[in-house]
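Quick one: this structure, given as structure tokens, is what I'll be asking you about.
By written order: A, B, C, D, E and F. Residues from 1 in each chain.
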Amino acid sequence: MNEKENNTNLQLTHINDQGRAHMVDVINKAPTERRAIARAEIEMSEATLVRIKEGGIKKGDVLAVAQVAGIMAAKKTSDMIPLCHPLPLTGVDLLFSFLDPTTLRIEAEVRTFGSTGVEMEALTAASISALTVYDMCKAIDRAMTIRFIGLMEKSGGQSGLFVRQSEE
Amino acid sequence: MNEKENNTNLQLTHINDQGRAHMVDVINKAPTERRAIARAEIEMSEATLVRIKEGGIKKGDVLAVAQVAGIMAAKKTSDMIPLCHPLPLTGVDLLFSFLDPTTLRIEAEVRTFGSTGVEMEALTAASISALTVYDMCKAIDRAMTIRFIGLMEKSGGQSGLFVRQSEE
Amino acid sequence: MNEKENNTNLQLTHINDQGRAHMVDVINKAPTERRAIARAEIEMSEATLVRIKEGGIKKGDVLAVAQVAGIMAAKKTSDMIPLCHPLPLTGVDLLFSFLDPTTLRIEAEVRTFGSTGVEMEALTAASISALTVYDMCKAIDRAMTIRFIGLMEKSGGQSGLFVRQSEE
Amino acid sequence: MNEKENNTNLQLTHINDQGRAHMVDVINKAPTERRAIARAEIEMSEATLVRIKEGGIKKGDVLAVAQVAGIMAAKKTSDMIPLCHPLPLTGVDLLFSFLDPTTLRIEAEVRTFGSTGVEMEALTAASISALTVYDMCKAIDRAMTIRFIGLMEKSGGQSGLFVRQSEE
Amino acid sequence: MNEKENNTNLQLTHINDQGRAHMVDVINKAPTERRAIARAEIEMSEATLVRIKEGGIKKGDVLAVAQVAGIMAAKKTSDMIPLCHPLPLTGVDLLFSFLDPTTLRIEAEVRTFGSTGVEMEALTAASISALTVYDMCKAIDRAMTIRFIGLMEKSGGQSGLFVRQSEE
Amino acid sequence: MNEKENNTNLQLTHINDQGRAHMVDVINKAPTERRAIARAEIEMSEATLVRIKEGGIKKGDVLAVAQVAGIMAAKKTSDMIPLCHPLPLTGVDLLFSFLDPTTLRIEAEVRTFGSTGVEMEALTAASISALTVYDMCKAIDRAMTIRFIGLMEKSGGQSGLFVRQSEE
């Protein structure tokens, strides 16, 4: 379950005095080392998952393309998410694992040294990587479904460490 | 549950003779009217959902930003998804609904007249719109989670009509 | 002066049934030859204008850069203007003239064969070209001012021919 | 009126030794806090302005879209203006006001900590925001005209504070 | 050797009446099937080439990344080459071969149905793919050199078939 | 000739533990002044080269467009080269020279203050500039050929100074 925070007094920081969206000024936040890990999970038929796994030992590799797509998407995050600050990322990586016979898990890790966090970069990398898997396999399994996209961990900055509570 | 297709004889169409990824040539596919609807669902705390709903009657509107983000993302799909064909989209729309006290549903519909489908455009619009909601609300609810991204319906082209089977 | 139209019954076409922005579907509009001409005028000091003019006979040519910037901007219009349809432009040109000792005029013409007009492409080309002139000359004249950006002429499509009425 | 500067000895800094355009090296300029405010004014029919104002209290909000467009454009400035340095912006905001019954004013403020100013980012944000208003209203008022785009204020860097002299 | 054409009477088509660059209007050219093949050849140390070849049988595949980079670059060609028309490509493929112990050859094929050729798309795909190989191997062989980039074949359109004459 | 390095123990740094591509984390590399110079050479017919040279004294200047294209490409490098870090470039310049009656040489210099080098930016600028020359002249000389693209010099960072050994 989702944690229920008492957020009565918290502000939606992306809203300006006219009540419209703005890109919050972070000029007074000292730059620190930032890291975020996001995860996406895709459910598919067993046959599709087998085909993707085989790709791992042949050259025609669905995951190699999904890897590149995720890395490039991380770099374009501020171009896609309207109020997201542009950041010179220092590192991006994606790892793939097979959770069970019908689930592919993608974990994206992004790092930078900057004044804002890289949650959105990690989430965008994981999401676009998952959509790329869908694109490459949709001819054989159009009902593939993304069942989870979420932030797993984040460190750096004033809000400190965040670690997602276990879902079990 | 996910439908299990018998896909033994089906091809991953995005793989060339060298076993690498390519952008399949669609020059011989006659252009037809294409439509796709994709859906994303975000789970959040009740307090966050209330804040988003309030935005709908004030000016500072999370969903207005998520709407624009989704439309712009649809147009950039072929820039994000490596093997996706560029298509001159004829229409893009997103609709928002509150499924229950902790779930926001985003439905993206994309249309074109072309030689390939617009599933990826609809899925990308819904995904980026959902990530934009996360971005704007993450200061008050970092554990917001995307619980579903999937294709709901698609028409046009050789593969004909696809309608996702009910999950219940 | 600006024409005052009676637009009580006209619709803001970019608004969907939920009252939000969408990209209007144009799939049923037959493609026709489209052309639009937009104009931008920049006021500057006489000395700045002389420097730009000189560039026209030397190699270091402010206008050559502004020309390329305008053409490239026309191609990126649908990436900048949220509800604008992507269109495969068939031609883009910009012409420069010196209206008086302190005014540079830029006229951008854009053509396509498509289902929507190219007004936004012509306006974006003229605007970005003008901003490029500002960028290259701002070190010597920071108060340069764009005094006019407007559509001059448009043809093709259901709304037919538009020609801006003379301002004098 | 435009200020007339004596610029005989000033250089067009964007010109290299071959007389061609280049992106000036700023590696030796110490980074400082930078801020710029730019303004755009759009003249339209009274009926159009009323429709935009109404949007401010309903959900279908022309200005909400123009706001997002301006923010995203600020982030793409160095992609549009050929000789402009890429900068990691720390904040972007746009404010709208109705100057008189036929004039909408857009004011864009951009901030960064860097080696070059953010004039071009503020000007691009204001310009693209104004063009977005045009795009959303052109079906009801094709003769809408941008009557002013200019830098209002800039601080930070060697050239120090610039404040536009009043035009009255 | 390069063929020497008698081009005294031929026009540089990208120059307008003011002697400046423009994007030539192609609205009157009937769309036809277009195909272009371009080639890039990279010279490197034998040890580097062996490392790249090994990648072909392991998962860490330099060529898989270069493949994706080439395909994505083809789609961005009109964004990079100022006077190039935007085209909805129907297919893109890249093939790799090892010409001799120190030379990697990349061949890019691009197809569309349109009013202009796809030479620039094929050349851009081959070039960016080659630069990606350089990027991934530069830590072990900084002196890698691209020794050839050229158009090999092109068909469709008024100028008809072009086949590069053998260099031997 | 290409230098043959003994690279048995060197790592392809862009490969992660799963054997896939990643963007190497550079957060622990101290930022330093970085500079890189890359070169591209294009062989063409004598008549084509004469036409380009003439452009240098008239306004319709092939090289002015190629200059702008190269500068803009440098800024988009991390968008094109998948594993390349985004960097806020401080300076970009291109110089053109005529090596012999059939060869145009383009030299691109890029500078930054950062944690990674700018080799890829300089190589991308030179390559896209060369392709732009091809695009503008292809109507009169389709067999124009890029005979060389390589890094000439690089300074800054741990690997220190690199100067390409003379080829004669």
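What we mean here is this: a contact is a pair of C-beta atoms (placed from the backbone, for glycine too) under 8 Å apart; a residue touches a chain by one contact, two chains touch by 3 or more.
All of these numbers come straight from a predicted model, not from anything done at the bench.
The chains that touch subunit C as well as subunit E are B, F.
Each chain's centre was taken as the mean of its CA atoms, and the one lying most distant from subunit E is D.
Summarising the inter-chain layout, the chain whose CA centre lies farthest from the centre of subunit C is A.
Centre-to-centre, using mean CA coordinates, subunit B is 32 Å away from subunit E.
Centre-to-centre separation between subunit A and subunit B, using Cα means, comes to 16 Å. Within subunit B, contacts with two or more other chains are made by residues 16, 18, 20-21, 59, 61, 64-65, 68-69, 72, 76, 79, 82-83, 88. The touch graph of these protein chains has some other shape, matching none of line, ring, star or complete. Contact annotation for chain pairs lists A-B, A-D, A-E, A-F, B-C, B-D, B-E, C-D, C-E, C-F, D-F, E-F, with touch applied as defined.
Subunit C meets subunit F in the complex at residues 56, 59, 61, 64-65, 68-69, 72. Across the complex, subunit E meets subunit C through its residues 16, 18, 20-27, 78-79, 82-83, 85-88, 114-115. Those residues of subunit D whose C-beta lies close enough to touch subunit A in the complex are 33, 63-64, 67-68, 71-72, 74-76, 88-96, 111-113. If you check the complex, the residues on subunit A that touch subunit B are 2-8, 10-16, 18-21, 43-48, 51, 55, 58-62, 64-65, 68-69, 72-73, 76, 79-84, 102, 119-120, 123-124, 127-128, 130-132, 134-151, 154, 159, 162, 164-165.
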